[in-house]
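The same subunit A turns up in both complexes below, where it pairs with subunit B and then with subunit C.
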Partner chain A sequence: MNVNILMGTLVYGSVLALLSLGITLIYMTTKVFNFAHPRLSLFGAYLAITAMAAYITGKGIQPDLTVHEGIIPYRLAYPASVYIIGAVVAIVGGIIAAMVEYYLILKPLLDRGSDYLQLMIATLAYDFILMAVLFLYNTHVKIVSLLNKINVQSTSVDFSSYDLYIMKGYLTIPGDALYSTLIVLIITAAIYILLFKTTLGVKMRASIENPPLAEVLGINVRRIYALSWIISGATAGLAGFFIMMRPSVAGLKPISATSPADEIVVSAFAGSIVGGVNSIFGSLAGGMLIGFIEVYVTFFIGIATGLGAITKYSRVISMFAVGLFLLFAPQGLAGLYKKYLAPPPAAPELGEEEHEEGEG
Partner chain B sequence: MAGVVLKLEKVNAGYGKLQTLFDIDLEIPEGMITVIVGPNGAGKSTLLKTMFGLTTVYSGRVLFYGKDITRLPPHERAKLGMAFIFQLNNIFAELTVWENLKLAGHDLPQDVFRERVREVFKTFPRLRERLHQKAGTMSGGERQMLAMAIGIIRKPKIFLIDEPTAGLAPKLAREVLANVKRLNEQGYTVVLVEQNVKAGLEIGHKGVLVVNGRIAFDGPARELLAQKDLAKLYMGVV
Partner chain C sequence: MVNLAVMAEQIISFIAVYYILSASLNMKAGMTGIPDFGQAMFFAVGGIVVGNLATRIAAVIAAPELGVTRGEAWKLVITQNTDFVARLNEILPHKPGLSIAMILFSLVIAMILGGLLGWLASYPALRLRGDYLAIMLLTASEGLRVLATYTVSIMGSTPTVGLTAPNFFGFTGNAPLWTSVFALIMALLTYVYMESFHNSPGGRLFRAVRDDEESAEALGKDVAKVRRDAMIIGSAFAALAGVVFSLNPWTTGSSIAAQSIFDRVFWTFWPWALMILGGMASNRGVGLATTIVVALLIGPIRLYKQDIARLFHVQAVGIDVGYFANALEYILLGVLILLVLLIRPRGIIPEPPSWTLKKDKIKEIARKYQA
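== the complex of A and B ==
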């Protein structure tokens, strides 16, 4: 087992899980595939990089380069506040970009009764607009130079001061792998609680299943949808934050206005589809699975066949997995779960219609 | 004379660009059952949806107790005291019975909600037995009870009910209509769309015939029932 590859898989899988979750959530509520979704996370990442660099320079924080027991050449230690600021700003950035998309573009179209095709094209248009905005920003403020300001060694945001050393450093769990996985687990739990343990969650599930009925029961369905856009934007922003940690994983190019959103869009949608498109928990599992296939499985196919270059085509392999799912399990992981693992629903008692009463 | 709960004035409405209702003038009197009949595709469901703001109104006005609600979104109308029981998909199949009830009473104070749930259980004791079952797994009759129950919990001023007997066995259909009648006797104003013209008009006070998106008859239910040319009227060959 190659621990390093596995750790990379965890980061990348978490990023995909977060992205797929947002795509699925929007599909379930607004009934549109949001092609701009990965760019939302890049928008969050840009803001986060800017904020972190400004904070580090403004406060005159010096990174603490220390050698750790001779195992890792150095680690870049910033106070936790730097990373917390980065994560929060990324989340806020993702939410802003999502809100703009929903309120300024999609909601006006929905109010005019546009069909799903028009909405889908509109999300593509928004993607181009966001890309242009990021381009412009990049020409004025060199994002790479900001990244260099944060990390003297490379163009990623180093998180290694939060690595976890187990057995005297024999096994190292990198900070980004640890925290991204933890956050996906926490978000899964939080969404479960939201959906199944709160009244708001009941309203959300109701608005997803039957919007007109929810509406005639006095629920402002559009407001519920807006909430799903907030969650979607926030998780996209978080994904952007973690992409900064390890942009090289799965062949993603370093952060720039087009990359990695252009590359990751395919994988994120693959996660949503493999998850079952209509299942929130399916999307989280689907994202993780696609991440696993693209990094881990591809790596071992490369070793087994001696074709190391195959890792460049990891996305083809995950597309192959999507194809298999669509052919043999079109309902995705959620469908497989329902079919083989979920407890059977309580069977309705039949043949009782005849002695129905109804009065009290 | 009893007051008017809902009033439609020269309403033209439809779905998107497709107009399905033409120049509708209609009054729904308070405390009565207004029964809407007409052939398939005539626009009966569309008429109910238009009262609730679920269609596009091109011109005309919809008034609720004299207040113009033409542009009011459906969830606001629900808060004014309107309830709608759909023809199809009138419960949340993926939610449990309890969650369905909770959702219907989401804007009620806790104690009021509890009290109403008790009342609903008195009327439909079977729902209590099914409380934590997914609503979609219940029988057709039970679903129809739940659909009624989520309306009743809101204690609305007016009930719009779309073909509650569709697809039910005759005995069950009679029971459902008896329930509608009982609702009215408890003081609720009801607008009922019913495919069984005779059974529907028999429990109704006011009868409305819709043909091709227009009102072809508007008067006492008895009178509509007695029309010897009803079949002809129905076909729109007046």
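== the complex of A and C ==
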């Protein structure tokens, strides 16, 4: 078992799961595929790098590379506060970008009764504007020099100071894999609690399943939609924060205005669609699955067949996954789960309604 | 110093390419209601036919003069692309017959292959609707881009450089002029075809299917066949645009790379923007919007972006000219789309009614009924 590849897969899968979650959430509420979604995470990542670098230089923190022994021995390069600040700023950045998109672009169009095509194209337009903003920002604040400030060895931030040593010298779980996986699990649990254990969750599910009825019952549907945009932006920002940690996985290029958003967009949508576009938990599973197949499975196919070059084609798998699922299982993993695995008297849950556009 | 003649030739070529591409998209999305976000893959078919297939065949035919066997020539086009095609390009100007044959060959084969790919893409287009279909076609286009980029026998060994463009217009003596004339002729032919198709029974049937599938079906029309036909014909025209683009060494920058011909911003989203700006299903609107936007924005930016960026004196505020030039096109594209959607969602010339008779005749009939 190649631990390194597996750990990379975990990071990539978590990033895809977070992105797919955001895409699915927006599709369920606003009924639009948000093409700008991966760019929201880049926006978060840019702000996070800037904030981290400013914090380090402002406080004059020096990297400390000694290994500390303990119950869990660890290497502490920077105090945790640096990373916490990075993550928080990334989340805030994602939320800001998402809010701008919803209030300045999509809401006016929704009020005008634009159809799905116009909304979709509007998200594309926002994607371009955001990309241009990042281009301009990159010239003011050289991202590479910021990265060098944070991490002397490489052109990416890393979490290696938070590696988890299980039996020192035998198994090391890199910090980025550990924390990204943990975050996905925590978010899954949090969303479950939010949706099924709180009044707000009930309102949210009602607004998704039947917006007019929910409105009649006194729920402010637009506010619920705004909430879903906040969650979506926050998870996108987090995804961006983790992309910074390990850009080399899955052939992604180091962070810039265009990459990795342009490359990852297909995989993120594949995760959302494989999960079933109307299921939040499906999207988390779908993102993880696509990440696992793209990195881990192609790696082993490459070794087994001796064609190492096959890993370059990994994104074609996403394309086939999208095609197969849309054509033959439009409800995605969630639909398959419901059909074959779920206990028969299924309690009414999210994404229950038949999607009318699935089959023509 | 900007050479006005060169600028005019290049801009005309760009207008022609974008018009054919937008008109093809208009047939699929505007008239038939198929949200094709995979336009770049049909466009790329044209580029691959010119850069790969036609160049290979030209090399095979001219092999004796290049001093290699025919079998070797077929392979050398890919394995030693830069050197070998440069040698081929030196010979081509002296072979007008071969060049013209290859131009025609590219046109015909690219349209057939484009139509074939459109026929394949119509498989999901018959089964999916709306945004699902859009996502499907977008991912298909991206998937094919990855496939083509890393497959040496399609796009050569270095994806960023790609294949050297063949000089099929070298025999005319003034290649830039004649490529743009050729592009203009192709665009005019496309315009005439689209204009007549809009009013023909076929065009009206396409729009009937878009507006109300069930009633079209109830009247005995085969909806599946209509959607399939729209995909085939529309995609064939997109491949034609790819050929027109790739035959012009000035617009391609002398090389046909997977990065440039599969670019979804240039060949999928710009045509969408132009189509929405012109008015969906409005052929004249699309033509007008393409001409204005390409002549004033896309053409100058694509050709002289560094100079334009310098005009803004962005260095003064610490912004890099190269980055600003890149950002400029994206900002313009984004803002343009948003403005159209917010201010004039039906485009500058909204979809016209179809004039099945001459206008005077219709007025005459109307007068008769008013009396």
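FYI, the second predicted complex is superposed on the first by the 332 of 360 C-alpha atoms of A that agree within 3 Å, B and C clash if a C-alpha of one lies under 4 Å from a C-alpha of the other, contacts with A are read in each partner's own complex, and residues count from 1 in each chain.
The criterion applied here is as follows: a contact is a pair of C-beta atoms (placed from the backbone, for glycine too) under 8 Å apart; a residue touches a chain by one contact, two chains touch by 3 or more.
Being a predicted model, the structure only gives us computed values, none of them experimental.
Of the two partner chains, neither subunit B nor subunit C is touched by A:G60. In the superposition on chain A, A:R315 contacts subunit C only, with no contact to subunit B.
After overlaying the two complexes on the shared chain, residue contacts for A:P108 are found with subunit C alone; subunit B is out of touch. In the superposition on chain A, A:G306 makes contact with neither subunit B nor subunit C.
When the two complexes are overlaid on their common chain A, residue A:Y116 makes contact with subunit C while staying clear of subunit B. Number of subunit A residues touched is higher for C, counting subunit B against subunit C. By the document's definition of touching, of the two partners only subunit C reaches A:L327; subunit B does not. With both structures placed on the common chain, the touch criterion links A:P343 to neither subunit B nor subunit C.
Residue overlap on subunit A between its contacts with subunit B in one complex and with subunit C in the other: 357-360.
On subunit A, the positions that touch subunit C within their shared complex are 32-33, 105, 108-109, 112, 114, 116-118, 120-122, 124-129, 131-133, 135-136, 138-140, 257, 265-266, 269-270, 273, 309, 312-313, 315-316, 318-320, 322-323, 326-327, 330, 357-360.
Residues 113, 199, 202-203, 205-206, 209-210, 212-221, 345-350, 352-354, 356-360 of subunit A are the ones that touch subunit B when the two sit in their complex. Those residues of subunit C that touch subunit A in the shared complex are 29, 35, 124, 126-132, 134-136, 138-140, 142-144, 146-147, 150, 265, 269, 272-273, 276, 318-320, 323-324, 326-328, 330-331, 333-338, 341-342, 345. Interface residues of subunit B facing subunit A in the complex, by the touch rule stated above, are 16, 52, 54, 56, 73-75, 77-79, 82-84, 86, 89-95, 99, 102-104, 106-107, 122-126, 133-134, 137-142, 145, 150, 154, 169, 171-172, 175, 178-179, 182.
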